[in-house]
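Consider the two complexes below, in which subunit A is the common component and subunit B and subunit C are the respective partners.
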Partner chain A sequence: MRSIITQNLSRVYKSPVEKTGLARSAKGLFRKEFKYINAVTDMSFCAEHGDKIGILGLNGAGKSTLIKMLCGIIAPTSGSVVVGGYTPFQKKNDFLRLVSLVAGNKSQLNPDLSAWDNFRFLKSIYRVPERQFSETARKLTLLLECANLIDKQIRRLSFGERIKMEIVAALIHRPKFLFLDEPTIGLDVRSQESIRKILSDYCAEGDAVLFVTSHNLSDIVDLCNRILVIDGGTLRYDGGLAAFCAHYNTTSEINIEVENCTPRIREIVAGTGIVDCDFTGNMIRIQVEKTFITTVFRELIQKLSNDINKIQIIEPRTEDLLKELLIKGKVK
Partner chain B sequence: MKKALNLFRIEGIFLKYNLIAMLQYRLSYFLSVFYELFDALTMMAYFYIVFGSTSSIAGWAQSQIFTLVVVSYFINIVCVMLYIGMTSIPEYIHSGQLDLLLLKPVNKRFFLTFRSPNSVQILNFLVAAVGIGYCVAKSDAVAINIICFFIALLCSIILMYSVMCILISLSFWFIRIGNSWNIIELLNQMSAKPKNIFPMPIQLLLTLFIPALVIINNPAYILHFQYDIFLRQTLPITVIFYISSVIVFRLGLKKYSSAGG
Partner chain C sequence: MISIFLLEGKKLLSYKFQLVFSLLHPLFGFLVQYYLWGALYATQYASGMSYSDDQMFTYYAVASILFVMIKTNSGMIANEFKNGLLDNELVRPINLIKYRLWRSISERCLYTVFYLAMLFLLVAALKISAFGDISLIHLVSFVVFTILSFLISFFLDFITGLLAMAIDEVWAVQAILSFIVNFISGYYIPLLLFPGHIEAIFQFTPFYYLFYFPAQIFTLSRIDQSIMKPLLIALFWVFALVIMSNGICKRLSNGYSSYAG
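After this line comes the complex of A and B, so read on.
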């Protein structure tokens, strides 16, 4: 069964053009001008239970807008979206019981209550059975190492501590569709890791569909088995993370450390079938097409065997690869 | 029926957790009890100073004017106790915090408007209720007037809710809507006077457009004078405003385009 289907999903924002300067602002009082922003354009994709999808894109690419349409906060301008058999924007209660959203910059917790009271409040709202509630809450807070903070008023928690509580709160009713918009923004490495652990455990347990947007590419690499790459509101890539890397990761790097970088060595290096190279002191970094890597490697060892101190092949980390692809806009 | 019961259940949850928050953490909530009480006392003092020497104004005896003041206090307290929290909705719309609140499996209008009550006002509520009881006991009204009076009070509460709901929903369109609560409070204080002292156009304005007179004046009028105004004014106006509030809120939610992040 397909649990999420979108077809030609688009969202246009209409927003007033802000005028600068007194005279122009005053004029704007009488005649408002609007501009239209195509935040999401013509997106079609499907997702099934067990999918863990990372949404990648630069600022303003339309990631949050897509998530807001998927969980029903805003309506699409055109196209359709079906989640778990429901149209999200109708906000049927049965649908809402299936979804949860965590947004790093928004809070669903009452700042005047303790985390525990907040959880109990949500338990009553979602009518979660007592057993399931205490099990979930206890387990999650232990894993997130925040069990000792549970009686503290939310407004007294640090940002990172609060986000952890937000995540626990979002999982209390065991949603089938979990949406996370920049969940680890502003967290330290250790907290990021525990949050990722919780989320991947949660997905492994049930068969929830997970959507994550994050600037922290390690989140995506750790959590997701599939990515959507968005650029300027359009979907550029939809598929497995591994396939994505295989497709775009066409070069590898060979690092050589030599005794002394003589012109002869430079000549030999330039003569092998390389894409690009960079000499710094006695370090040489060579970019080679993946398909030729063995040939080039063998050739270098043969010709430079007396000069080489150390030679190694470096596979780019997935994060770096993703970053480079996003920034250089290579994804077409 | 089941739906209504569920709403009562959820209102209970709101009050319970609000009380927890107040008891544990916030002295300022308790101060608000005294603030409201003080407000009511000032209003009464005002009446006794201004009208104390006259035995009647525009056909209303002193005790009847007293009913007006008590009704105004009562409505105000019920409103503050149950749905004052809705005044922060414009801020939520502006900042995009509304997003997460919209995802709760509860009727959206109910959830957003009743979400943060002010439960310690129960103290003021009790005082006001005693005041209402006193006014009814002192009046020489017959059964039908008294029954209509209580139903009219209920209508006033609903009407007040509807007016606030409409005002607040407007912020879906006009992000920067001022503090509408102040306007309402002002109107309430204004309309806790015998309505005949206002010129006719103002009476009409305060009945049909901003129904402050219907909310405060009509219950007292029904108790002490004629109850037929209940059917002629209170009931139809309440129904119209309530339905409008539902519609405006729905349209507003459709219009909501979120913000931030």
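After this line comes the complex of A and C, so read on.
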């Protein structure tokens, strides 16, 4: 069953143009100019229960805008979006009880209250039964190793501790649609892993739909089975992570350690149909097209058998591949 | 709603110094008026005044209590709108207006309890014979009009805060509006001291019911006159402001951009 459907979803922001310099700013007092920014353009996709979707894109690509439209915070300028049978922007209470948002850069909790008081407040507004509330809060705080902090005021917690509390708060009412905007920002490696595990288990148990945006690509790789790649507000890729990597990962790397990197060795390496190579000391890193990897590998072994100390084929980590594709804007 | 009420109270009690010190503003305001009018009543210029000195002190004491009871911070929505901090409320099953209303009720209840204690100590220390002959009917009328006054103040402040939809920075607008409202609502000077036609005009505005009319109930036993007309006008303004707030709130959602990530 399709639980999220968007069709030609677009959002345009009207933003005043701030002129540089005093004279120009003064001129702006009498005539204000605006520019229109297409944050999201004609985006169409569907999601089903159990989907764990990573949204990838550089800063300003439109990731957060997309998430805000999906959870009803902002209205689309055009197009349509249906989440769980509801139009998010109508903000029906029944819809809002199905949704949860964690934005790492903006606290969802009241900083003047303790985490426990925040949880109690959420219990009350989401009408969570007492038993479910106690079980969920206890289980999550134990898993995230923050049970001893629940009586502390949110403003007195460290950044990482606050993020943990945000995650607990987001799951208190067991939402069916979970939107996470940079959920592991500022967390240590162990906490990142705990959060990923909790989220992964949560989605598996409850059949929830998960949307994650993160510049920590391990979040995407560990959590998501599908990715949306956005560039300049436009959806460039929508599909499985493995398929994405297979499609875009066209080269492999061969690393060779030699006794001494002589000109003869350099000449041989350069003549083996490589894409790119790098000589650092006695290490040679060679980029080869995937289709020629066996041929090149065999040729190198034959020609350099007496010089090679060690040779290995390195497949790029998915995170590195994603990073490279995003930075170089190769996803078209 | 009860949870909002209780949690807001708990939050305020976490900052006891802030609570007490913020109450010094109306308390000092009352002291200034007390000495100012005390000095004036000691001269011959006060002979034609509509109030006796005790009535004047009572007026300012009640006005300062009303200041604490009705001054909400619902206008803070301007900051939340500007900085994109409304996300928390927009993504939760909370009514923007009710949520703020209950928080303000809790906040004002707590502030009022503390302020009354402080003011009564001050009044006793200054040996002012304020609040002398208060009948039950005066008290009930005062409570009813104070509730209406609180609601008018809350919604006026809220609507002013919503100006952030049109202009980015509303702090100065809020400050000047607050000053004007305080002036024409009789917080600084009782409207009875203005020319008669001014009071006659002002009674059709919502501001008249913020400070002046409730304070008059204590000061001049205003309840002896017909209460129906002011009650109906005050109720009209409450309903009008509720409808306006709801309408603007819906537009707010459309105009909200949730900046900053």
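Keep this in mind: the second predicted complex is superposed on the first by the 332 of 332 C-alpha atoms of A that agree within 3 Å, B and C clash if a C-alpha of one lies under 4 Å from a C-alpha of the other, contacts with A are read in each partner's own complex, and residues count from 1 in each chain.
Everything that follows uses one rule, which is that a contact is a pair of C-beta atoms (placed from the backbone, for glycine too) under 8 Å apart; a residue touches a chain by one contact, two chains touch by 3 or more.
Small disclaimer: the values here were computed from a predicted structure and weren't measured.
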**Prompt:** After the subunit A overlay, clash or fit between subunit B and subunit C?
**Reply:** clash
**Message:** Contact-wise, after the overlay, does A:Lys68 reach subunit B, subunit C, both or neither (first, second, both, neither)?
**Reply:** both
**Request:** May I ask you to decide whether A:Thr318 touches subunit B, subunit C, both, or neither, giving the answer as first, second, both or neither?
**Result:** neither
**Message:** After the superposition on A, what does A:Lys91 contact: first (subunit B), second (subunit C), both or neither?
**Reply:** both
**Request:** Figure out whether A:Asn105 sits in contact with subunit B (first) or subunit C (second), or with both, or with neither.
**Result:** both
**Message:** Touch test for A:Ser124: subunit B only (first), subunit C only (second), both, or neither?
**Reply:** both
**Request:** Take the contacts of subunit A with subunit B and those with subunit C, and give the residues found in both.
**Result:** 13, 64, 68, 71-75, 91, 93, 96-97, 99-101, 103, 105-108, 110, 112-113, 117, 120-121, 124-126, 153, 181
**Item:** In the complex, subunit B residues that touch subunit A
**Value:** 10, 13, 17, 20-21, 24-26, 96-97, 99-106, 108, 116, 254, 256-258, 260-261
**Item:** Parts of subunit A lying in touch with subunit B, wherever the complex brings them together
**Value:** 13, 64, 68, 71-75, 91, 93-94, 96-97, 99-101, 103-108, 110, 112-114, 117, 120-121, 124-126, 153, 181-182
**Contact set on subunit C toward subunit A in their complex** = 3-4, 7, 10-11, 14-15, 84-88, 90-94, 168, 253-254, 256-258, 260-261
**Prompt:** For the complex, which residues does subunit A have touching subunit C?
**Reply:** 13, 16, 64, 68, 71-75, 89, 91, 93, 96-97, 99-101, 103, 105-108, 110, 112-113, 117, 120-122, 124-126, 153, 181
